[in-house]
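Both complexes shown next keep chain A, but they swap its partner, so chain B is in the first and chain C is in the second.
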Partner chain A sequence: MNLKKCVIAIMAASLVVFAGCTKKQNASERVLNLSSTAEIKGFDPINAGDLYSGREISKIYEGLLEFHYLKMPYTLVPNLAEEMPQVSTDGLVYTFKIRPGVMFQDDAAFAGGKGRELEAKDFVFSIKRLADSKLNSEGWWVLDGKIKGLNEWRDKNSKLPATNYDEEVEGLKAIDKYTLQFTLAKPFPQFLYSLAMPFTYAVSREVADKYGKEFLNHPVGTGPYKLEAGKFDQTKTIIYVKNPTFRKKLYPSDASPEFQNLLADAGKQLPLVDKVIVHVMVESQPAWLKFNKGELDFYGIPKDNFGTAIKDNKLTPDLSGKGMILSITPLLDVTYTGFNYENKLFQNVNLRRAMYLAYDEGKSNELFYNNTSFPAQSIVPPGIVGNMPDFKNPWKGPNLELAKKTLAEAGYPEGKGLPEITYDISDSTTSRQMAEFFVKQMEQIGVKIKIVASPWPEFMAKVKKKSVQMFGMAWGADYPDAENFLQLLYGPNKSPGANSSNYDNPEYNKMFEKAALMQDSPERTKLYEELNKFVADNVVLMYNMHRQSYTLQQSWLRNYHTSDLHHNNVQYLNIDNEVKAQSLKKF
Partner chain B sequence: MNIWLYIIRKVVNMIPTLLGVCLIVFVLFNLVAPDPALLLLGKHGTVEQIAQIHRELGLDRPFWAQYFDIVKSAFTWDFGYSWSSKQEIWQMIKNGAFPSMAITVPAFILTNAIAISISLLVSFYRGKMLDKSVVFVCVAMMSIPGLAYILFGQYFFAYKLGLFEIAGYEPGFPNFVPYVLLPIVLYLIMNIGPDVRYYRTAVLDEIYQDYVRTARAKGLTEKKILFKHVLKNAMIPILTYLIIQIPFLVLGGILTESFFSIPGLGGLTIKAINTSDFPVIKAMTILSAVAFMVFNLLTDVLYTLVDPRAKLK
Partner chain C sequence: MTTTTVRPNQSIWAHAARSIYKDKLAFISFVIVTVYMVMGILAFTGVIAADWSKEIGPSYSAPSADYIFGTDIFGRSVFLKAIKGAETAISIGLVTAFITVTLGSVLGLIAGYYGGKLDDFIGWIYTTISSIPGIMLIIAIAFIIGKGLTAVYLSLGLTSWVGLCRVIRGEVIRHKDREYVHAASAIGGSDMRKMFRHILPNVSHMMIINFSLTFQMAIKSEVILSYLGLGVQGRPSWGVMIDDAKLELSRGVWWQLGAATLFMFIIVLALNILGDAIRDALDPKLKGK
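Our next item is the complex of A and B:
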């Protein structure tokens, strides 16, 4: 054989070996295929500070309460609690009955490797873990200053070489095996929401003691699923199987009008699918292709693929022909451009108003959100009490004439005398494009902006260190209450707290403090609206958008709806394998 | 010089280099990297919590003490635990090394075998149409960015033709095989251009040497000259090129691993950079530097084996 033939033979052989070697999945398996667009940090509930970790943790761990899966507005219902708590008349004492017969998953940490029954003391331990300063929880803010004696316990133990979990906390007691009592230091109307958040999920002391620092890689909860591998190796494919000791928990039989079509599985034992595979896919292109090939059961449409997927707010024939279903859901969030109030320049309200007036939000919506978002008038998003659907911010642009006039009133006619302002952003392509648009908008009135792009962690560090002038940011709800948005402008929450713009207005602080102590009532709603109007009129931030989620689901996926706060939705999802087999023929 | 003496001298010379690498890592981390406490605490971090994390991670200690820790790690190879995942770093490296190498090792062997074969072929037909065409194709392939190959490969070969998995990874043999095939093919496509050009140049450099003319004068066939004499003499640049690539095989491909969701060391490094996970950054940098120096030394030693005329000084 001559040399040329030899080379050709090698190349041909290589291709033959490679080609056609895709892995085929058994179509009869009831498997849910999902994706996570970010790596998760691990399975420690106290560090479920990001959406992605919260979703994974909620497959294994559970809390006292959860949001009803089929009710909107968000409604709290008991989960590990047997019923909603008894609350004292002063709103300070909450007494819960724990559901009996709930078992922790089997693990070597328990005697004989068999999981034991969940007790009230497990919640006492879990809340103390959240408060333990040595564990540096991301979720301490939820209960900081809220439970009587907990801050004192935290401070005292932070000085000790080892945390004493046996020391009692006045406001956190296991009255008996199934009775748990919280006593608050002051009224905190959002307290019950915090008990539905992953931060307060129940963990067992035996497991925490056995695995120590590696606890986050050895999840052992009471939830519907457990890791197939038993431990988490920080892999990019996370596989869950049904927890064989999961208690009796049924699919809900009641639903809000908009979810009446999701009741086909009412009364069935949860979880509904045997296996859940989560593919960690940071890049959107392969995930989108995987979804289009039927290998993912739902996926948010990536920005760059929006034009090929949606025409006139409807699915393109190509995708609808495959049976895909589009769901459009408003998100509980706000995107904004912040001013750093530590810089005296931005204490000039007319400067802020002029800049806001010069900005064309409609054009921004068209360019960067495919016209899918709602221009924000203030900080509280639609769907949360405190948002005023008919309210129009008088300073929202574009109104160039008024912007120029207001800038002159600010002392900078045509931008004269105004120094160049730096605008910090994260260095993603979209952020850069948005920043360029912002620069052009400001140029129209003579305000000069210099873009400073940094990788996300570095950008966040600059914001937290107050070393920015203006910056682009977004906030998603931790719980469905306006307080969670209004606290972004509360003085004592300044950076490195959540108040990234370091706004500190005594009048606003006073109103906020009053609202924060009020139970849900028409008076509180009125006060929330006043606060919302106050920050709108003063253009404390440049409120940009309230975004919407455009999610596609496959025809064989059942019971799915998009939600910000149903972290544990996977247990309610179902797969119709017959429909899947039929639909895949069209792919 | 005795080969062992040479090796000892080179190993001793590695010490200041390693100290320099430690210093660069330390300076860069302190100057450029964001505060890990802010990343670990998320959006609600307090001043008190930040200080606590600084204490716990040892970031409140004097600079010299922090630098000493890095140097200690470099010489004991005890890198401790990840700040972010709390896993032992050696375990993380062990977990990530196989997926990375499952792509890079077969791709490396295949690419180089094909590239060397093609370079010999075109050298045999140097100046002819085949040679010019191959060079043209190589240059064209080199002009296309790696990302374009990945996006096209995923779309066309995996999505449209269904020949490969689009992305993902399953541990264990043979589960991982379907997931690494397309990355291997793309590695080959991305690297074959520069490799063929390099090897062709190495072979052509030899072809114009006096000994080739002598061989021709003696009446040896072109094939014999090429395989028996030229290839042997071209082995020094070829070996250098090959061996120097080996450390990078373990480190994996950052872009490839990211787009194919492969849990390899490239992804591990990027994740560590994004989360300011300094122990992982430190471990990966030190191991890379050591591997680079060791393989450089190995190249020098191999020279003497391939070409007895080469002397170690």
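Our next item is the complex of A and C:
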């Protein structure tokens, strides 16, 4: 073959290849483009300890209950349960009817590759998985000591070479195919909330058995979406498609007054969009540029773009001209700097107080939050009963003089004798800048800090293994109850539980246990406030901020509202392709 | 009677020094490198830029008479950070080049001189090392000893000696059958003596050339690693400055990027020109040019 023929042959071959690559884009297909600001650990509900994994897991898996999408204050409604449970008069026995006809997604793990119907026993299995000490779940703290016989089952099986899932647990019974009964060991007023958390989502035994350690990459749930690829490859783009066997579930027809404008799709079958693409983008700038090109449907305004996006708490004409909509929502969260109490050093209260006193929260608010956050005085955020709006933490800085004095009282005058402390963070540029700010602040009183940055999953693993000294983190509410924040410092919830700082104080534990048993009442609120003050005075954590979300959404996105608890909100979102086509011309 | 004109005998080093001195561009480059070295040493000893972490003004002030190169997010002087970054860069360049040259020449010498099994073994080591992507090795080393300056020294040093090792090995194989080595054997010189007293000086120009090239390669690599968050931690580096700039550019803050790039550009360019000039000067084939 001469050269010319050869070139033609190559060109022809490449044409074929290119033609093969061109995707047929169905014009009527509705695609949602979202972003995740952290890498996803995997799709195992019992390890949905972080928001980012929780959001992805909630697209595929579901729980007995969920929060009503359009009701505020947050209201629990049945999801996989057919109705709200019957509760015995002593408040200890909860009987659920499971919704019939709910199918697991098709997977090779099932006979014939066809998903089978969800049964009560699946919840029994899923909750036992949560309790299985061999799986080292991040979520065990939620039910630890709460269900009759479950702790005993856990302890017994932790000594056996293989966990025996067939052994009955007294408080966790599938009475028949559709009836599930929980018997609590003691009153647990937040129990129903825990059934809306990703930790208690329903998984199937066949799938868990088939994939074993790889289970986290093979999600098979009952939810509205499934992975297009069938499995998770730790990719930076996660694509979901509609689950063809999803049950009949309709968009709600009732809404609180503030959500009346979100009822256009009322009564329609969920999910509303055909495909969801989640882009894992740790750095804010590329994501922001993508949003500004119309390639993401909503995004929080990054700190460095705040000045150009917002003027006087309003969107600049440049952005509002593109039809973007700004929503400002206070979040139910607290950002904090934690100490690892397994390290003796941090049991010195004066050291903690000195460090807290040296830290200038106002400056941090200005540098990193454009002055939109509320400096935290203690652990419970505003909007949750137990928060004290007028409370001022006496140890909150900046007060360098007192900080230096307190550090001397701690036994380290001007930082002498104090070893270098490592400070672990997840590795985005903004986290590093925040850490650098922390280092600078501590330098002022002679405390030396060394920054250690790792990717989010690795950082979390280090925290859960207790191999950090200090670390920067945030806690977002799982349910609107101060108990969810106060449990962060409850001794038995130590890592891998939610108590990442491994704080274990008998006095606090006792007070907490008392409050945890109480139903909502003025007495409980008083106790919550006492606990809140206790942890503030002891500077158990360095409480940093309660944040506000400044989220921008595109004009074509429908039904969106910012929320702390609706991890499964994607099924309710909709896209107006016509508006999108029109709007994109202005981009 | 005919006589030959005898030129004064000149060593290769004196010749090289003279030819670099005569080459204006190379000489300027040499001065620049010296200035950076001095700057690095002064910053290291704390004579200059010791208070780089102090706030000197409001955050993100543009370059002006008060703040040459402006200030960063915390109101620190970008100029001082860039100087402190030069310290980081120079130290990484020096240490890496030192590790590279030592490892590369010693192993190359041994492999070339002894040949046989030893040669095969060293060949196996460098083939293995060069087959591991640098970044992977750096991540692995950072996992073991923790991220930071030492990890960068080691990972760059341990990955970049292969080229020099190959060249030295080849040269040594060429040299070991030369007359002067046989002469050394004849008067009872030991292997060590032959290797280090006789052969090594004759291949040492390779080491010098490699040193200057590794030096600038290490500086560039450090910037890339620090930009990726794998490099130095908790101290200024040009890479970290560029990483900051990634967010700041959207605010219109260009001076960190500008300062870091300028500082890096000048030293890398100077080292490249100097490296070329040294190679030309030391190449016997170009002698008398």
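Side notes on the structure shown:
In this section, the second predicted complex is superposed on the first by the 386 of 587 C-alpha atoms of A that agree within 3 Å, B and C clash if a C-alpha of one lies under 4 Å from a C-alpha of the other, contacts with A are read in each partner's own complex, and residues count from 1 in each chain.
In the analysis below, a residue touches a chain if its C-beta (ideal position, glycine included) is under 8 Å from a C-beta of that chain, and two chains touch if they have at least 3 such contacts.
None of the values given here were measured: they were computed from a predicted structure.
Of the two partner chains placed around the shared chain by superposition, chain B is the only one that A:K41 touches, whereas chain C remains out of contact.
In the superposition on chain A, A:D233 makes contact with chain B only, while chain C stays out of contact range. In the superposed pair of complexes, A:A461 makes contact with chain B only, with no contact to chain C.
By the touch criterion defined above, A:A111 lies against neither chain B nor chain C after alignment on the C-alpha atoms of chain A. Looking at the shared chain after the overlay, A:A162 reaches neither chain B nor chain C.
Once the two complexes are laid over each other on the shared chain, residue contacts for A:Q285 go to chain B and to chain C alike. In the superposition on chain A, A:K440 contacts chain C only, with no contact to chain B.
Overlap of the chain B and chain C interfaces on chain A comprises residues 283, 285. Residues of chain B touching chain A in their complex: 32-35, 38-50, 52-53, 56, 81, 84-87, 92, 95, 110, 113-114, 117-118, 120-121, 124, 151, 154-155, 158-159, 162-171, 175, 177-179, 181, 184-185, 223, 258-263, 267, 271, 274-276.
By the touch rule above, chain A contacts chain B in their complex via residues 3-4, 6-7, 10-11, 14, 18-23, 39, 41-42, 49-50, 133-134, 136, 138-141, 144, 158, 213-217, 233-237, 279-283, 285-287, 289-290, 292-293, 295, 455-458, 460-461, 464-465, 496-498. By the touch criterion given at the top, residues 283-285, 288, 302-305, 307-308, 367, 427, 429-430, 432-433, 436-437, 439-440, 443, 450-453 of chain A touch chain C in their complex. Per the touch definition, chain C reaches chain A in the complex via residues 53, 59, 73-74, 146-147, 229, 233-234, 240, 243-244, 246-251.
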